[in-house]
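Got a structure for you, questions after.
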Amino acid sequence: MRILTAGESHGFANSVIIEGFPAGVKIEDKYINAQLKRRMSGYGRGKRMDLESDTCAVISGLRNKFTLGSPIALLIKNKDHRILPQSDDAQPALNVPRPAHADLAGALKYGTSDVRDILERASARETTARVACGALLRQFLEEFGVGIAGFTVSCGKVASKLAPASIEEILGNTEGSWLNCIDSKAEKAMIKEIDRAQRNGDTLGGVIEVWAQGVCPGLGSHVHYDRRLDARLAMALMSIPAVKGVEIGLGFEYAGQYGSTSHDEIFYAKGKGFYHKTNHSGGIEGGMSNGEPIVARVAMKPIATLKRPLRSVDLVSRKPQAAIVERSDTCALAACSVIAESMLAIVLTESFLEKFGGDCLSDIKASYAAYIKRIK
Amino acid sequence: MRILTAGESHGFANSVIIEGFPAGVKIEDKYINAQLKRRMSGYGRGKRMDLESDTCAVISGLRNKFTLGSPIALLIKNKDHRILPQSDDAQPALNVPRPAHADLAGALKYGTSDVRDILERASARETTARVACGALLRQFLEEFGVGIAGFTVSCGKVASKLAPASIEEILGNTEGSWLNCIDSKAEKAMIKEIDRAQRNGDTLGGVIEVWAQGVCPGLGSHVHYDRRLDARLAMALMSIPAVKGVEIGLGFEYAGQYGSTSHDEIFYAKGKGFYHKTNHSGGIEGGMSNGEPIVARVAMKPIATLKRPLRSVDLVSRKPQAAIVERSDTCALAACSVIAESMLAIVLTESFLEKFGGDCLSDIKASYAAYIKRIK
Amino acid sequence: MRILTAGESHGFANSVIIEGFPAGVKIEDKYINAQLKRRMSGYGRGKRMDLESDTCAVISGLRNKFTLGSPIALLIKNKDHRILPQSDDAQPALNVPRPAHADLAGALKYGTSDVRDILERASARETTARVACGALLRQFLEEFGVGIAGFTVSCGKVASKLAPASIEEILGNTEGSWLNCIDSKAEKAMIKEIDRAQRNGDTLGGVIEVWAQGVCPGLGSHVHYDRRLDARLAMALMSIPAVKGVEIGLGFEYAGQYGSTSHDEIFYAKGKGFYHKTNHSGGIEGGMSNGEPIVARVAMKPIATLKRPLRSVDLVSRKPQAAIVERSDTCALAACSVIAESMLAIVLTESFLEKFGGDCLSDIKASYAAYIKRIK
Amino acid sequence: MRILTAGESHGFANSVIIEGFPAGVKIEDKYINAQLKRRMSGYGRGKRMDLESDTCAVISGLRNKFTLGSPIALLIKNKDHRILPQSDDAQPALNVPRPAHADLAGALKYGTSDVRDILERASARETTARVACGALLRQFLEEFGVGIAGFTVSCGKVASKLAPASIEEILGNTEGSWLNCIDSKAEKAMIKEIDRAQRNGDTLGGVIEVWAQGVCPGLGSHVHYDRRLDARLAMALMSIPAVKGVEIGLGFEYAGQYGSTSHDEIFYAKGKGFYHKTNHSGGIEGGMSNGEPIVARVAMKPIATLKRPLRSVDLVSRKPQAAIVERSDTCALAACSVIAESMLAIVLTESFLEKFGGDCLSDIKASYAAYIKRIK
């Protein structure tokens, strides 16, 4: 499976082409639009979010709701379309790179002094394409009982200690939550923290946890470093804008443990097959899924654009200049969770198709059933 | 650049082919062997390490010490060669998967009940190939002033608080250290911790930090999620056996900070170009290197094979059975650092060649010099 | 550079995403539309061609006519849009695969008995995306003096013997030609041949030749089989629907020659550098461009859909049934030339960017100029 | 599946790493060595061939004759080892590029004036690695009834008109042939032609045909241009040194035919499934295998190194100079056939694994059987 996305923040549209996806999978665009809506919600978002109500059109690869096996193209039009491809968009040049953004490195790399040439693509708006793609892929994964969910673990210094037992619990407890939190008490404190930061013209980050449940053992591989499921998951999650850390299972906590108390022992039960009573490994051992839920956490840095501007330098005059303020989110944790779920869906679908091959859903279902039978 | 590695732990050899590496780069095999030696050292390693004294032969792609532009093949023979390709190696089947290893998922995936078929490749012995490869690539990076170094931050519950200012400081302070630590006081406590764990038949993990200094701005890209330098680095580091977490710069600490105090502001000085006074971002912003040192940390879980065996199940009888004890390292942090440095070298060389193209060192040097001049 | 295309023949649109294309390249959409128009013209095309007047919108990656370095998305809407993604398109099932098409193998592979699920993507309509992509890339290649042109060598049994000396000659002599032929006398005979075939409800193929002039030596590489320029060119040209043969330079004629009379000797002249007085190799030796014009020929089989239907079998009843007639072109050689030129542009741009790296046009121009200076 | 090869003509060894090959496949190294021997034989080869008796060692990925799923490494040592990686090999510089070789373009590209740096890798000796790889893959394909064979169609101006009906006929009739020809009468004339060329210090090329029989329908795909089986096959075959043309089925002959007489009609028979009575398409329609034998032809140019040297230029002095004579084959058609068969095996295995996934032979066999049952 190959995926390419395109789109500037204020361009005509964000788009995706997914090549190598099987035929015969039922795709509902309302499922995709529901995920796009989730991406836009969440406490702490600024005004632009209110205006957006993204809808995704599947423009290729689908007929009468079923995939054809041909490349799938998704198109999400932007409401606010100011970047003009073939005529002058007449926006004033923006010569001051904002710290903690792609602006400076991007302007140097791509040879421009107008950082708008960079920030239009570097904007987190780009993740609409990933979410649309992930939402499509999740409809495939659900055919095999794979469910994905995520939630906010911490926001700034406020952390939840609750640990869910299943994605059903995550989905149940985050429903209606403003911050996609499973811990309503912690959520209240988080909202206070966001309000305070907002009053101060400041921003916040936090930690998100994502789960995939129902993943069969044997996705990924130990045989080559770039085929390991944990490596691919780390890449996918670290690629989310503002993410600076990724951990699987116990993650950094493992480093302070003993082997005798931290490893997941192996058991067997008829009908159930091999299983573990603990899941410190986060469902991945030796670079492969081991049948337990896949659990990963990401650390998001505080939103980079502050109302209280940071110090920077004008790219043309090379003189000090305060960075401009383009947007005004205080915190985007709820969106980050949706994006992380989408990236998890991408990694799992890729690994799934590598393992089971197959050009149409019915063939893949047959291969899958035979495999599950063999390993039990 | 494409890299493939091969080799079983007790096979004939570990090998690597590197395709797409430029011509005209001077390669000293003694440099490679020095890194291989570092990989084998470190307090906490078991007996096998004493026996090993890996040497790497460059068998293709090199002539009179200079690369030809053709694929480079590296061969590191194993001393202890028991896996026979064309006749029966007569080793008894091993039917009990060891927890926290690739054994169980691998046996299910690849359809075997003899976990030796899996553990031979899943063994960390495989990382000799990566270290040899990384050591070769580092000789290329050094042509552009890029230096790489790593050190042990914590071992079990013992952590060092010292923060280095440069790779020269890391290299200077880790020299002669048994645990590749820059903090000799913490190191003593770590060694005690290792001794205690060893007495208890237990194992330890820890945290490693790696640096790359001298990296120009603009490696990686914000334009597509899988071209981001942070994403690729996360993949490379998470692919190291036993690594369960990766963070860049402040990493998870970022999540508890405010935007106003955590972002790196931008400055300019003639001759020096654009720079930052802080490096919370770990040298990567918007998926690109920003000119500051690249700083990443990895969390290593405790070694999976314990002298006090964990509970498991026989793959044939499906009855409970204690896992066997194959090796006896207590802690492999020093080796982990060398491997992490190697993976960093792989990611940087890849990104470097993507950016500067060029089939021979002199062409790349010309492109590089022109770029550096332009961005200053 | 990565390219993905999507689109069904009667879907909403054909689209392309091009990832990895440099910043700072001026793109005129009228240039793209001109190539799309060329694709639709040519003697021997049926009615649908008259209706089509494709226009391409660059919807991402471009601002004020210049590329941003971010992924470029192209959208070519279909006039005749009948394939509905999210509701029933109510077209009757088509159960009889047409010989010489993708219908049968596609239906088996993708698990459908309605061959419309296959032919919608397998239709040559898909090549609009390639032509749009190629037309965009040609604007990059022209920055380096690379010009591309093609012409019809033979149509059915009628062949032209004229051999052009340059692309200027090709462009000059094909202008106004109904069959993109440089030989007006042969063209008349070809047109007669087409008229006769049309009267008989029959179809024709032929041979096309494409040239790329101004290509510097050293694109492609001998070091690995899949990096050879000739191999990549063969892949690109053979991927054109209906193409069954590809040859470079003398091609199959080489097989009947002696080494002493067929190889291109090497000369040198100040200012000009190394050159050849003959070009039997078609500009590629050892898998690399050698500085002479790249010359390749493709053989196109007769159009597969005939007015006199061929014998086939109903996929559901498994009983004999005549294949249906979907379209009515007699000959599509002129279009094939445009597509072949586009595929050549894709291969050359890929190889060019691999060699010269660079994220923006000015950097690539600097690398290129330094290389040209070195090799002269 | 990923494949990398390495090796210089007079280096220590040629090697291959094959990553992504399934577990549980029985590999006999004597099968590989038999193909390597075939590569070295054939009328028209020079002296070096007599000295060579290549043997291939499988050094990784294999245990007790069965693959492990881990990367497979192959090593074929060179008898004549003169290229020294770590010390001066003291061979005089070779400054005169040989026409029709990689020498000139390679020297310019890789920045050397000693063409030995280029010709060592560009030598056809590199194809030992491909043949070893192909011979390994053929043992996988044979598990699914896929057989591959090739033969010499023409040598210089002497052509055979015989058309085989099956690979059994090819294998039977080429046995014992000095030129891998199925036509003993034509072979005699070819041998005379070779003798004459040899006396004249001249060289010859020719045409080779390769077959794959037993390939199920649906390998490759019409959905994206670079997934078409014909495109990939063209790439693989054109990548063979000295090959300048590739055609599938009727190939260039198609161009002179009518649609009504050249397309393969579709039939059905119980037990047999869908089939064709003719095979003009060479077993590939719409970019996919259609169940009939895959038939391709390649045109090989005359051997580039002549005893009567061609004109060239000294890279240092830039003065005219006759090219040197490194080797003395007159004709290498028999070897070309073995290489073409190997490249066909690579393409088919790749497409096969893409379609059927599976990490071990038994899983792939189950998927395959289910597919075959479905399409009949």
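The chains carry the letters A, B, C and D, assigned in the order they are written, with residues numbered from 1 in each.
In this section, a contact is a pair of C-beta atoms (placed from the backbone, for glycine too) under 8 Å apart; a residue touches a chain by one contact, two chains touch by 3 or more.
This is a predicted model, so every value here is computed, not measured.
Looking across C-D, A-C or A-D, the interface that copies B-D in more than half of its residue contact pairs is found at A-C. A count of contacting C-beta pairs for A-C and for B-C identifies A-C as the more extensively joined pair.
In this assembly, D is the chain whose CA centroid lies farthest from the centroid of chain A.
Averaging C-alpha coordinates per chain places the centre of chain A 26 Å away from that of chain B. Mean C-alpha position of chain A lies 38 Å from that of chain C. Centre-to-centre separation of chain B and chain C, using mean CA positions: 44 Å. Contacts with at least two other chains are made by residues 4-5, 19, 69-71, 109, 111, 118, 121, 218, 221, 223-224, 355, 359, 362-363, 374 of chain D. Note for the complex: chain D touches chain A at residues 19-20, 69-71, 218, 221, 223-224, 227, 353-359, 362-363, 366-367, 370-371, 374. Those residues of chain B whose C-beta lies close enough to touch chain D in the complex are 2, 4-8, 11-17, 19, 23-24, 27-29, 57-65, 68-73, 75, 83-89, 109-112, 116-118, 120-121, 359-363.
The part of chain D that touches chain C in the complex is made up of residues 4-5, 97, 99-106, 108-109, 111, 118, 121-122, 130, 154, 156-157, 197, 200-207, 217-218, 221-226, 228, 230-241, 243-260, 262-268, 274, 276, 281-282, 285-291, 299-304, 306, 308, 310-313, 318-320, 323, 343, 355, 374-375.
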